[in-house]
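In the two complexes that follow, chain A is the common piece, with chain B as its partner first and chain C second.
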Partner chain A sequence: MTHPALTERPEKRPQAGVSPARPRPAAVRRRRLRGLATVALFIAPAFVLYGLLVLAPIAIAAYTSLFRWNGLGGWPEDFIGFDNFTRLFDSDVFHGDLRNALIIIVLSLLVQLPFALGLALLLNQRMRGRAVYRLLFFAPYVLSEVITGVLFSLILSPETGLANQLLRAVGLEELERAWLADPSTVIPALFAVMTWKYFGFYMILFLAGRQGIPRELGEAAAIDGATAWEQFRHVTLPLLGPTVRIAAFLSIIGTVQLFDLVWVLTGGGPDHASETLAVTMFQFGFKRTQIGYASAISVVMFLLSMIFALAYLRFVMRRDTQGAVTTMGDHR
Partner chain B sequence: MSLRRRGVVVMGAAVTAASLLLAGCGGGSESDPEAASGGKVTIDWWHIGTTEPNKTIYDGWVKAYQAQHPNVTIQVTSLENDAFKSKMATVTTAASAPDIFSTWGGGVLKQQLDAGIIKDLSVDADAIGTFTPAALAAYQIDGKTYGIPVDVGMVGFWYNKKLFAEAGVTEPPATWSAFLDTVKKLKAAGTTPIALAGKEKWPGHYYWTYLAMRTAGLDALKQAATTHDFTGPGFVDAGRKLKELADLEPFQKGFANAAYSTPDGQAALVGGGKAGMELMGQWAPAVEKDAGGGIGEDLGFFPFPAVEGGQGAATEALGGGNGFAVGADAPAEAVDFLKFISQMENQKKFVESGAGLPSQTGAEEAIKDANLKTVATTLAGATGFQLYLDQAYPPAVGQEINDSVAGLIAGSKTPEEVAAAITETAKAEG
Partner chain C sequence: MSSRRRRPAGPSRAKGVSLHLLAGTLAVLVLVPLLFGLLGGFKDNAQLATNPFGLPAPWHPENYTEVLASGSFWRQVANSVLIALATTVLVVGLSALAAFAFARFAFRGRELLFTVFTAGLMFPFAVAILPLFVLMRAFGLLDNPLGVVLVQAAFGLPMTIIILRGFFAGVPREVEEAAVIDGCTPFGVFWRILLPMARPALATVSVLAIVASWNNFFLPLAVFNDPDWWTVPLGVQQFQGQYSSDIARTLAYVVLAMVPALGFYAVAERHLISGLTAGATKG
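Up next, the complex of A and B:
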C-alpha cells in the first residue's frame, strides 16, 4: 500500500541552518496533518453515506425500541424503558423464533454445507459436461427468493402439489403430508427448499477454494500411499479450512436474517411453527404497527448477529483474517 | 507535484459535496412533483381490485375519466389485500399518502386521520347525497366523513346446495347446533365441510367475531373497544363454540397453510365444488369464479346461524365495504374523480357486474344475481351492524384477534387464552 504519489514528500525545501535530511518537527506535524486531511476527505463521502444509511438507522431503532410507539406522527413520546425487551423475552413466539433459527443452523451445518462440499469435490473431477452440471446446480441460487417461494408452495400444496403426486405415483401414499401446513413437517420442508436454493452458492465457494489447492499436494500424498479418503481428510479439508469457515459464517448470519422465503412459503405459520425473528419483526412492525416493539426485535437481531460475528472473527476465523486490513495495526 | 496534490484534494471535496447533495435530495423528494408540470395533473390511485370484475370496472373508470379530462393522468397501483395493508402502513409511518386509496374505515382510518394524511370529505359525501347510512358509517369519525363508499356488504356462509343435498341436509342450518350437525353430515358423506384459508388468518377471525356477536352481543363488542376488556363470559363462550367446531376437523387437508384466492386456496375449493361451504363476504362468488371456476346455480347463501342462549340476534350482520380515502395533499381532481365514480350510472354498472353491493339507494335494482339479492335483502333487514373487527379496532388488536383465533383453531390456545391475549394487546394499545 505504499504508492509513491501518496507517500513522497514534495515540500522538501532545504533551508539555511536546517539539515535537509531532518525537517523541523513543526513541519513534520504540518505534513502529517495534511496527510490526515487528505485521508479524511477521501473517507468523508463513504462515511457520510454509511452514517446516514447504516449507523443512523441502527441508532434510531435502538432509540425507538425504548418507546411504546405506533410509528405515526413525529418522534415517539411514550417512554417505557426496557419493557419492550422484557415483553419480547417472555414471548413464546420469540422463543419459537430462536428455536427455529437454531434448528435451521444445525441442519445447514450438518446437511447443507457437507452436501455442497461433496458436490464441489465431485465437480472438480475431470468429467464430461462438467460446466453444464456446475451451471445447473448454481441456477437455483440465481432465482429470487419470492419466485422460489411461490414455486415451492405450488410443489408442496397438499392436494394438487407435485411432491404429493409423485409420492402417490410411486405408491408411497403413506408418506404424503400437508408439508407446509403441519407444524411437524414445516421446518424440514422449509429447510429442503432453503437447501435447494442455496447449496449452489456454497458449492461454488467450495469449488473455488478447492481449485486454489495445488494439485502437487494431492499427488505427493498419493505417492506416500494416502488413500482417497486420507487425502481428503488430511490434505484437502485442512486447506479448505478458510472457505469452510466463511461458508459456515454466511450460512449462520443468513439464517438469523431469514425472511422472504419464509414469508412467501408459510407467512411464519402454521401457528408460528416456521416463524423467524425477521418475520416476527415484520408482523409487529408493518401489520400491527407496533414500531417500538418491532424495533426491539430488530435490536435483538442486530446484537445477536454482531456478537456472533465478532466472536466468530475473533476465535474461529482468527488465522484467516490475519494480515487483512482489520489487523493491520500489528504489522505496520 | 503540488498541483497534482491539490487536484486530489479538490476531487475529494467535490465527491463530498456531491454526496451531501445526494443526501439532501433524499430528504427533499417528498415535495410535490405535480406542482411544476403546469395544467397536467397526475393522480396516484391505490386499490385492491386485483380480481375480476373489479379490475375491468376500475380500469374502465380510469379510461372514461381521463377521456373527459385530458389533463388528468390516473396512475393505478393495484395490490393484493395484505400487500396493500403493509404498503399503506409504510406510507402512513412516513406521513405521505397516495392521492386516492382503498379504505375500509374503522381503526386504520382513525390512525390515518391522526397521522394527518387524509382529507375531510364530509361536504363531498353530502353533495353526492345518496349513500345509505350503513355504507357511510364505517368512514365517519366524530361526525365527519373521511371516505367515499363504493360498496357495502356482509359476511355469511356460501354453500354448495348439491353437496349439502348429497349429505342429506335439506335446508341451511339456522342454529349453531344445527350447523354443527350439518358439518358432521357433510363429513360423513365424505365431503370437506368447510374451506378455510389458514395462512391468511383473517378468514378465520370471522368465525370468532360472529360467535362473539351472537354470544356476547353487539353492545359488548362496542364496549370492549373502550374498556379494552375481552375477558367477559360472552367472549370466552365464543371461543368455546369455535373450539367445538374446530374439534370436528371440518376444514380441508392442509388448511393451515392455505391462502384465500390462490388456485388451491379457500375460494377455489368452494368454487371448484370440492368443499361444502365457506364463511366469507359478498365478494365470495366473484373470487370463487376467478380462482376455481365457480359452481353456478349450486351456490347458495345463508346468514350466520343463531347461537342458543346468546345475547345477539341472528339478524345482526358482520360486514363492511370498500371505500376510498383521499390523501391530505391530493389535488382537487382526486375528489372529483371519486364524485365521478359515485355517479348513479357508474354505481349501477359496478353493481351490475357483481363487483359489489350498492352503497347508494337507487342502485339495488341493478343486482342481477339471486344470491347477491339475498345478501342485499338480509343486509337491508339487519337489526344491527358490526364492522369487521380487524378494521374496527386498531391494527394491533385486529391482528391479535386474527392471530389468537388461528391459534385456537390450530389447538394451541384455549378460549380463555384467546380472550386474555386480545385483552392484553387492547390494553397495551390504550
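Up next, the complex of A and C:
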C-alpha cells in the first residue's frame, strides 16, 4: 500500500476531476482525504499545544483587559470597556516604562551591537587562544538572568559591593554610588549588566555571519588598494546586513519583554526608575491582583511587539526574508 | 575558518599584541564578576568588607558545604532537571512530527500554517504569562510541574519546528522513496529513516530546549508557590531574599547554581552555538 501524499507535488487546484489524467475522481478524493488525515495526525499534537498555550492566552488577555477583575473565581463580570487602557495611557509609570525601553534600545543599538560586531571581526582573525576567548565571551549568555542578576546586585551593592570597593581602592571615593538605588545610575547600571550578559551572543551571531562572507571578496578589495576600513565599510558591512538586521530585531524584541534581570536587580525601583512594561504588568497582575489592568498592559506589549515586528519585516528585512521564505518554500 | 596572514611580520606582531591586549581586557571584565563570586563564597562577611580583592584568608568552605548539605538545593536541582528533560522530550517529539509533515507533505494551507507557527517567535512570552496563570489555575496546574513543562514546550515549538523542518527538507527524497515503494507507512518513514538521520539536528534543538528551560524564571515564578517545586533560579532569588545580610553565603549559592549550566555549556557548546545561530538566521 502506498501513501500518495508522501511523494505528491503541490497542486494549484485541488478539485478532483480537473486533471484528465486521473481516471477515477472518487478514488483520488479518498486517497487525498487519507493523506490529509495523515498530515493532521502529524501536526495536530503540536498545533493543539500551540493554540492552547501560545495563541489562546493572547485572546484571553485581550478579553480580560476589558474588565475590572481581581482574578478571583471563574471569569470576569465587571465590564468597563477600554477604561483600563485609558487609565494605562494616563499613567506616569507606563510612560516611564516606554521611556526606559526606548533608552535601553537606543543604548543597545548604539553601544552593544557595534561593540559585539567589532569584537566578532577581531576574533575572526587568526590569533592564539581565539577559541578560548570565544568560549569565555559567550559563557555569560548561558547563565540564567536570575543568577546574573543576584551576582551583580551584590557586586553593585553600596557597602561591600565590588564596584565601590574598586573605586575606593584607587582613590575615587567621590564616584561611589548606590548604583541600583540611585535613579540617575540605575539604567546605566542595568545596561552594563545586560551588556555583560548578552554581548557574547551577538558576537557569536556576527561571527557566524562573517564566516558566510567569501574571503576572496575582501582579498580582491585589498588588491585593488582598499584600506582595512574601506574593506569593512564597503565589503564586510553591507554583506553582514542581514545579520545586523536580525541582531537589532532580537535586541529590540528582547527589550520589550525585559523582566528577569530587572526584577532581580531592582524590582523596577527606585521609585519606578528602572521599571519595564513586563515588571509593571507583573506588579499589577500578581502582586496587586488587578488582572484586568495588567491584561491591558499585556495587550499593549503584544501590539507594540507585533506592530514593530511586522513593520520591521516589511520595511527593514524585506530583502532578507524574501530570500529566506522563498528558498524555504522551495525546499520541501 | 581562519584568516590567512596578509602582512609582513613586523606590523602583524604589533597588531597581534594589541589584539591580545584588547581580548585579554575583555576576558578580565567577563571573569572578574565570576571570580568575585567564586572567591567571595570562600570568605566570611567580615573578609568581604575588609579584603575584597585578595584570596580568602583563611578559606571558609562552610558556605559551600552548607549549601551542598542542604536538602533544598538538591531538591531545586532535581526539579530543574526533571522539568528540563520533560520539556525537551515533549517539544522535540511534537516538533519533529510537525516538522516532518511540513517538510514532506504537500497540502493546502501548509505555508499559512507554518507561518502561524513561526509567528510565535515574535510573541513576547511576557504577554502570555498572566492569561497562562489564569488558564493553569483553571486546569488545576498551579504548583504542578506540568504547568511549566507544557507551556515551555508550547513556546519552544516555533524555533524547534523551523530548525527541524530545515533539516528534514535537506534530506534527499530518494532515501525514503525506496522505503515507500516497499510499503513503509509515513510514520515508518519518519520513525525509521528520517529521525535516525536527524540525530545531529535533534541534539541541537534539545540543547536549546534544555538551556531555555534551565534558565526560565518568569514562568516558574508565576506557577510555583510551593517551595517543594522551586527550580534553581527561583531558589537563588529566594535565597538572596532570605539571607540578604549573609552576602558570602549567597555568593556561594549563586556559584553552585552556575555550575550545572557552565558544565553543560562546556559539553554542548557546539550544539548550542550552531542552534542559536541557525535559529536566529532562519527565524
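The working rule: the second predicted complex is superposed on the first by the 280 of 332 C-alpha atoms of A that agree within 3 Å, B and C clash if a C-alpha of one lies under 4 Å from a C-alpha of the other, contacts with A are read in each partner's own complex, and residues count from 1 in each chain.
Note that a residue touches a chain if its C-beta (ideal position, glycine included) is under 8 Å from a C-beta of that chain, and two chains touch if they have at least 3 such contacts.
Small disclaimer: the values here were computed from a predicted structure and weren't measured.
A.B. asks: So, does A:L52 touch the first partner chain B, the second partner chain C, both, or neither?
C.D. replies: both
A.B. asks: Which partner does A:F286 contact after superposing on A: first (chain B), second (chain C), both, neither?
C.D. replies: A:F286 sits against chain B and chain C alike.
A.B. asks: Going by the touch definition up top, name the partner, chain B or chain C, that contacts more of chain A.
C.D. replies: Partner with more touched residues of chain A: C.
A.B. asks: Output check: A:S184 vs chain B and chain C. Expected answer is one of first, second, both, neither. What do you get?
C.D. replies: In the superposed model, A:S184 contacts neither chain B nor chain C.
A.B. asks: Does chain B (first) or chain C (second) touch A:T266, or do both, or does neither?
C.D. replies: first
A.B. asks: For A:T160, using the defined touch cut-off, is the partner it touches chain B, chain C, both, or neither? Pick first, second, both or neither.
C.D. replies: both
A.B. asks: Applying the touch criterion given at the start, work out whether A:L72 contacts chain B, chain C, both or neither, answering first, second, both or neither.
C.D. replies: It touches chain B, and chain C stays clear.
A.B. asks: Quick one: classify A:T38 as touching chain B (first), chain C (second), both or neither.
C.D. replies: So A:T38 meets both chain B and chain C here.
A.B. asks: Taking the contacts chain A makes with chain B in one complex and with chain C in the other, which residues are shared?
C.D. replies: The answer is residues 5, 8, 10-11, 38, 42, 45, 49, 52, 71, 153-154, 157, 159-160, 286, 291 of chain A.
A.B. asks: Residue numbers of chain B touching chain A in their complex, please.
C.D. replies: 1-2, 4-5, 8-9, 12-13, 15-16, 18-20, 23, 85-86, 89-90, 92-93, 95, 111, 114-116, 198-200, 252-258, 263-264, 394-396, 399-400, 406-407, 410, 412, 428
A.B. asks: Can you list the residues on chain C that touch chain A in the complex?
C.D. replies: My answer: residues 1-6, 16, 19-20, 22-23, 26-27, 29-34, 36-37, 40, 45, 48-49, 52-53, 94-95, 97-98, 100-108, 110-111, 113, 116-117, 120, 122-135, 150-151, 153-155, 157-158, 161, 165-166, 169-170, 173, 176-177, 180-181, 183, 185-186, 189-190, 211, 214-218, 222, 232-234, 236-237, 240, 247, 250-251, 254, 257-258, 261-262, 264-265, 269, 272-273, 276-277, 280-282.
A.B. asks: In their shared complex, at which residues does chain A touch chain B?
C.D. replies: 5, 8, 10-11, 37-38, 41-42, 44-45, 48-49, 52, 68, 70-73, 153-154, 157-161, 178-183, 186, 266-267, 269-272, 283, 286-291
A.B. asks: State the interface residues of chain A toward chain C in the complex, per the touch definition above.
C.D. replies: Within the complex, chain A contacts chain C at residues 1-3, 5-11, 14, 35-36, 38-39, 42-43, 45-47, 49-50, 52-58, 60-61, 64, 71, 119, 122-129, 133, 135-140, 142-147, 150-155, 157, 159-160, 162, 165-166, 169, 196, 200-201, 204-205, 208-209, 211, 215, 219, 222, 242-243, 246-247, 250, 253, 256-257, 259-260, 263-264, 277-278, 281-282, 285-286, 291, 294-295, 298-299, 301-302, 305-306, 309, 324, 328-329, 331-332.
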